[in-house]
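In the two complexes that follow, subunit A is the common piece, with subunit B as its partner first and subunit C second.
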Partner chain A sequence: MSAPARTPAGAPGHLTGPAGGGIGTDAQRPDGTLKVRGEFAYGSDLWMEDMLWGVTLRSPHPYARIRSIDVGPALAVPGVHAVLTSDDVPGAKAYGLELADQPVLAVDVVRYQGEPVALVAADHPETARAAAARIVVDYEVWEPVTDAIAALGHPRWNAVHEDDAEVTELSRESAHLHPEGNLVRHLKVRTGDPSPTADVVVVNTYEVGMQDQAFLGPESGLAVPAEDGGVELYVATQWLHVDQRQICSALGLPPEQVRLTLAGVGGAFGGREDLSMHVHACLLALRTGRPVKMSYNREESFFGHVHRHPATMRYEHGATRDGDLVYVKAEIYFDGGAYASSTPAVVGNGGTMGIGPYVVPNVHVDCYGAYTNNPPCGAMRGFGSVQTAFAYESQMDALAAALGMDPVELRCRNAMEQGSTAITGQVIDSPAPVVELLRRLEAMPMPDAAPDDLRHMPGGVSNTTHGEGVRRGVGYAVSYKNVAFSEGFDDYSTARVRLEVVGGEPVATVHTAAAEVGQGLVTVEQQIARTELGVDRVVVHPKDTQVGSAGSTSASRQTYVTGGAVKAACEAVRGQVLARAAELTGRPVGELRLFDGAVVGEGLELPLAEVLGDDAVEETLEWRHRPTEAIDPETGQGFAHVQYAFSAHRAVVDVDTELGLVKVVEMACTQDVGKAINPQAVIGQIQGGTAQGLGLAVMEEILIRDGKVQNPSFTDYLIPTILDMPPMRIEVLEYADPHAPYGLRGVGEAPNISSGPAVLAAIRQATGLPLTRVPVRPEHLTGT
Partner chain B sequence: MRFLQPTTWAEALEARAAHPEAVAIAGGTDVMVAVNFGRLRPPVLLDLTRVAELQEWAPDDGAVRLGAGVPYARVITELGDRLPGLAMAARTIGSPQIRNRGTVGGNLATASPAGDAHPALLAADAEVEVASVRGTRRIPVTDFYTGVKRSALAPDELIAAVRITPPSGPQQYSKIGTRNAMVIAVAAFGLALHPDRGAVGTGIGSAAPTPRRATAAEEFLAGELAGLWESRGELPAATATRFGELVAEASAPIDDVRGTAAYRVHALSVMARRALTWAWAEYRTAKESRPCD
Partner chain C sequence: MKPFAFARPADAAEAVATVATEPRAVFLAGGTNLVDHLKLGVARPDLVVDVRRLTSREITDTADGGLRIGAAVTNSELAADRRVRERYPVLAQALLAGATGQLRNLATTGGNPLQRTRCVYFQDVSTPCNKREPGSGCSAVGGYTRYHAILGTSAALPDPTAPETCIATHPSDMAVALAVLDAQVQVLGPAGARTIPFAELHRLPGDDPSRDTVLEHGELITAIDLPPLPAGARSAYRKVRDRASYAFALVSVAAVVADGEVRLALGGVAHKPWRASRAEEALRGGPVADDAVRHAMDVELTTAQPQPGVDGGNGFKIPLVTRTVVATVRDLTQETQA
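And then the complex of A and B:
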């Protein structure tokens, strides 16, 4: 395959990184020093001397018909090289992760505010923006569909006992946004008695607002036209091969002609799983014959990626007087916004894990994903489980209150354990230490009363209380979440590993397409190669499509799946090397192993240089976790998920009950990670996940009115600062999953799920208010 | 874009007069945000950071004359004792980076109803010293704010300084934000007790089209305190509550993404009551001789 004619500045290089550190050690990141020094190139740093700048013209309306587009005035601007609309998309006009329903550029209709309508390439970004503003789009503005339940024509909540919600007649609120209607997916779970009764019943409805991934490095990339008529795309993304598939389809080019390389990624959290500027930059580059860079600013970024689905959920829990769960009925609505993105899979998670890590004999879950004219929603850390955890954990607290039971006791009494049956009928066949996670949290010491210092008060140095009105609360929550892709998806990764001797020193090179988004997969790849090949120096090859797919950096799956692939490729390389050594020494392969740069055996130490000489041993292979299966569409039964991650949180909060301000005093977390491949990175994931969950509980929300985003900036979309995120107590358990490489469990998402519900429970305890919506705002706490 | 960088105040005023289209820039923490979002494309930038006169503060005729370009970080570290209300407000502003760059002069010129300096300046009866090639004038801060992000500054004028009389009594500043740092005020309240003249100063932020005083609340409290300044007696709880209510009544807030009008009104009443309670407690325990220079 032809290498790019010229490499842009800011393209990734080989990471040679620090030497040493196998699995189970706090090995340092190979890109750590670069990042700390500010020398690491992110996607927005890409540069070529003769490049053009691409910008996107977006719809100001959430729902409108495009009567006409006049690009003439934009083309007339000096310095403009191309102006493109959907007419210029040579291949498929629409793309999508699961359903190809999202136009590359709007075709006739726009379905959300911010939908891309036209593109401009110019020699300066300012020129491109000015030209885009001169494109004349004549819109016939329609009233948007903005409520997920109404969009499906469902009456609110009274359908919970029916198998299929009754559909009221088509009204404006349920006007069809797509030819097949507004239902993206309806998942049903049915177990046990369809009409169960119980001594104690609690029914509540819950709402979760729209959270943003708020990654710090906005969408960026550079497309370079290639001599073969194809294109090289350097882009900050999460899954190079799923991008490649969609780009090829839109450009009408074969995969050989669309070559992707991962640019430096400044955070992802699911928000880069869908395409953003990928096809756009390629279209402009192919049209102009020049490299084209696109880089969103913060405001555009809020419109340029999918968000976490807002959810509305009604739960009914029934239990015996002793506190045994008898049944759970749940009706869950996810607002998918204008296009499907990964809504079907989010509905899958929301439904199949929608009652939490508890054993319940009778379950009736209806989980829906709907189209509306709100911003499209898709993948975000915790993926469908974050929303339901707020509901099911709030329900456990409400039930405990109704029973007069301690909330932790109630949870432990009903907790899953290894051998339990999940609501999908799937037997949990690896450790599920839910009770231990909770008991360990309970046993941790409580934080002291707040010291007499403003920084520790609700409101901080804003000086709103010196202790007046402040009440403390404690809350617990536990979560479980599937790791890796589910429901029969062929989920695999590819790794190429080479071992050779360079300058007398053995060096392994690991080449995968797995996106490093900040989580530290590059470190894990090095650690595994060091452990498996007994070498110190491991080079990480840039991530690109010159090697097979690694699958997505999502679903807490890369350490498991790409880690598994790297391990398997290393084993294959090792097998070859040992076979050579066996031939050289006459020893049986079974007596030899790789250690410290040599082949060793009983009384034998043969340096790799002598085994390999000038040869390199290289293996490329695909690795799969054990298969899952589709669930039954009527009952939701099936072996849906390959692995589960479990975590629990205890939150301690101080609430100024008069002003409605919250200070989270301490977060404690216990999590089973199977095996901590890099213990320090595990702690980082737990801390980060906890902060993101806390953010959703008390401040993070994209506010939408009539389909329009009200706060597309970090001025008004607030994420926790260091003064909002308290110190943590963390205990990491390592109960090996016998089915997983090294026994490891995916880490990244679970702590994001249990954190927020624990904070909410603590605020509820401090205030005595029911609090059924997150993020909790001062208005909710003060009744204003 | 042209970039003017005067090094003396006279040059700055001449540049201001010669380039009506120029946008002045001090810390840049408002200007650069507007540029970044594409809301501002100034043909000329008038950088004031090299004008030494703007970067200093000094006692002047019983007041502190605070140069318009002194950043918040210095207000906090150098003026915490002389200008306690403003320093408390400065502590709530942005992040360390913003406090290192941002200035009171910039806050005044932006004249946002949410600017944190304003309630403290209103409570302290500050004066804004503005100048042009035509001359210098002093504007009582109460008259400075003329509308949403509009001020009494004439197009050819620059802000030279603010003049604030150091307090004869305690001052407080409180701000509501929906996170514990780096947040724009949802509502803010500044309070200054002036025992030397038996008066009370207040300032309300983020709860009306402009920063404003709660005049009725000031008068009510001054009346209630008339008999208490001398005795330093206990303040009846009902007085603090009533004061809070009157402050809230002086506001005219709206619903927006940061908070509801009803919450702002409620929060103001609580902040004002608490601030008064703290200020009076401080006044009662302070020795007869308050330091005041």
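And then the complex of A and C:
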């Protein structure tokens, strides 16, 4: 593969970082100092002297037919180099992660507000924007379909739940946004008795609003045309190879001619799994023969990525008088918006994880993903489980109340453990310490009863209460999430590891395509190489497509899967080095190991320099976790998931019941991580995930009216500030999963799932209100 | 962003003359509101005149025992001033309840009261809005109304297509405090200097929602005067918002209690900082127990028009603002009695 002719400023370099620290240590991040000092280059910092700026013209309408597009007035603007529409897409006109249903640029119809319609490249971003505004698009505006259930033509609810809401029942009246109808996926889980009865039954309907990933670094990238007719793309993304596949298909180019390098990523949380400006920048660069930079502003970013699916969920729980769960029926609707994105997989997770970490003999789940004209929804941390956890954990509390039982007791009584059977029929074949997670939370000390500092009261420094009208509540919740890709997906990662001696010092270089999005994977890669190869200095090669796919930085999977690949590649390198040393010393390989830059054995210490000389030992290999399988479409049974993550939260809140203000006083979390490869990073994941869950519980929501986003800014879309996020107590458990490298368990998503439901439960306890929708706002709490 | 010319005149008089002669000219102070609007296309001036260095950046004592605040004094400086904190805690608290430290370091005394509504439809140039585009209609009616007005509106469900309809609120916290303090606004205009009582600076939408204030084109705020409060007066600002900091008010209350007299101004409820004079009247001379205050607020809110909306509407503001007032007055009365 040819190297790029020129490298832009802001392209990532090798990360060397502080030396030292194998697995299990708080090794420092190689990018940490750069980030703290403001020297780390993010995607929006990419720069080339002769580059052009690309901008996107987007549809103002959620649903409309395009009668015509006149690009003439834009082309006439001085400084404009190209104006492109779907006619200029040389390859496939549509792309998508799971279904190729999303146009690169709108073809005839726009299906959501903000859908890209045309592109402009100009020598200044303002020129490009002014030119884009002059493109004349003649729209025939249609009435948008904005309700997922209506889109499927279902009655509001299947009254008694006896009949399946069949796919074939799709209403002919409802507008079909796509040729195959509005149903993206219907997942069914059926176990046990189809018509069970129970002593105590609770039925409720829950709603979760649309959450945004709210990453700070907007979508950005720079495409550089290459001499071979191909293109180099530097881009902030989550999965280089799946981007490459889609870009190749849109450009009609082979993979050798579309080379990607990961630019600095300022957060992702799932929002960068789908393409944003990737193909657009490449199209403009190939058309103009010039490097083209595209960088969204904050407002455009809200239209430039998918969001978390809003959900409407009806749950029915039946239990014996003693509190044993007899059955759960659930009907779950995810609004997928205009395009499929990862809706099928979200439906898969939402449905198969949909009753939580409990053992239930009779289960009947219907989980639907629908097309509407709302913004497309797809991957976001927690991926389908965040929504269902609000429902199933609220149900556990409601059931406990109906039974007159303690909510933690009820959970413990029904909790799964290793050896339990999940609703997919899978036997949980690794530790599932749900009871211990809850018991440990219960045993933690409670925060002080009455805070003395205004900042710790509801309303905080707004001075709204000094304690009057304030009621405290405590809530618990547990999460249950599959780790890595499921349902038969060929889930693997590739690692290339080289060991050599540079300037007398042994250096390992790790090269993977796994996206570092802020979570600290580059640190983990270094730690694993240090542990496996016994060297201090580990260089992380820039992430690019010069090495095989690493899969996505999502599903809490990279430490597991790319970590597994790095470990395996290191083992292969180590095997070669030790074989050489064995040859040199005449000792059997089995007696030798790598330690502190040397081959050591009984009475032997042979510096690596002597073993390797000027040679580099390099190995590249693919590593996969054990295979999963597709589930039965009628029953949802099958070995769908390779690993599960469990965490539990206890939330303590103070609610000013007069003004509806909530102060989360403390969040406590217990999580089983199998093995903490970097304990400090684990704590960071738990804190961050907790904050994101808290945000959804009490403030975060993209407001949509008639298919239009009402609050595309960080002034109007609220995320928790440091004053909203309380101190945390965290206990990390390490029960090894025998199937995973080092026994580790994916960490990132679980705390995001249990945090919000715990906060909601605590608010409910403080107020006595049912609260079936999140986010909860002041007016829901004031009794007005 | 639409291109515009930029001018930095030598003094305030020249700035006024420059803006007065160019119909599509605007003043720029800290820029924390105006620059956002330039980017969003909400403001589309031909000329931007930087006045940041042309007005006073000092806080001086006045002969009557009050304070004169230069228009260029930043929100941070004003909130930190010892005289303000001691004599006008309501103002210091209101300022600190607004925006963030970084923004307050830039935002000015002249710019803050003149910031424009945060109505999301006002900021979205693709939707009709009488304030931004006179005569185009009002998208907020029946939309997301949590941040919208309950007082001073024409009807419970105003006609969204009528040119006079606007249910926006004024977002400034500082302005609510200035309203309760009976501040005076010093203005320099093409016709010379004049003084406007702060309570009269902002308008109700009336028949022209595009005008937030009574200032004429080219009129520049040069200073804001605070009259002295009676000895022993207590004052406070309380703000109810969706998160602990960095959010606009759902409702807010500025209150002064002095010599048994109660002064009240409300934020987040109207097109202007709302001086609750009916409630003040109802409380005059009587006891200020909780019940009396609640009753006074009932009187104040008899004309309230809660707006329905896709998010459940904003009727919750009626009890919310009442409860906030009751608690604020209760605390201040206890302070004065202590």
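We take it that the second predicted complex is superposed on the first by the 769 of 784 C-alpha atoms of A that agree within 3 Å, B and C clash if a C-alpha of one lies under 4 Å from a C-alpha of the other, contacts with A are read in each partner's own complex, and residues count from 1 in each chain.
Note that in this section contacts are C-beta pairs under 8 Å (C-beta built on N, C-alpha and C of every residue); 3 or more make two chains touch, one makes a residue touch a chain.
Everything numeric here is computed off the predicted structure, so don't read it as measured data.
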Consider subunit A as the common anchor and indicate whether subunit B and subunit C clash or fit when overlaid.
clash
Counting only touches as set out at the top, which of subunit B and subunit C does A:Pro60 meet: first, second, both, neither?
second
For A:Val461, using the defined touch cut-off, is the partner it touches subunit B, subunit C, both, or neither? Pick first, second, both or neither.
both
Under the stated touch criterion, which partner chain does A:Gly707 make contact with: subunit B (first), subunit C (second), both, or neither?
neither
Touched partner set for A:Met699, first subunit B, second subunit C, both or neither:
both
Under the stated touch criterion, which partner chain does A:Gly638 make contact with: subunit B (first), subunit C (second), both, or neither?
neither
Those residues of subunit A which subunit B touches in one complex and subunit C touches in the other:
129, 297, 299, 459-466, 468-469, 658-661, 663, 698-699, 703, 710-711, 713, 715-716, 718, 720-721, 723-724, 777-779, 782, 784
Touch list for subunit B against partner subunit A, complex:
36-38, 88, 91-92, 95, 172-184, 186, 257-260, 262-263, 265-267, 270-271, 274, 278
Across the complex, what residues on subunit A touch subunit C?
60, 126, 129, 297, 299, 455, 459-466, 468-469, 658-661, 663, 698-699, 703, 705, 708, 710-711, 713, 715-716, 718, 720-721, 723-724, 777-779, 782, 784
Spell out the residues on subunit C that touch subunit A in their complex, using ranges where they run on.
1, 3, 39-40, 93, 96-97, 118, 120-121, 123-124, 126-127, 143-144, 146, 236-248, 250, 310-312, 315-316, 318-320, 323-324, 327, 331
In their complex, what parts of subunit A are in touch with subunit B?
129, 297, 299, 458-466, 468-469, 658-661, 663, 698-699, 703, 710-711, 713, 715-716, 718, 720-724, 777-779, 782, 784
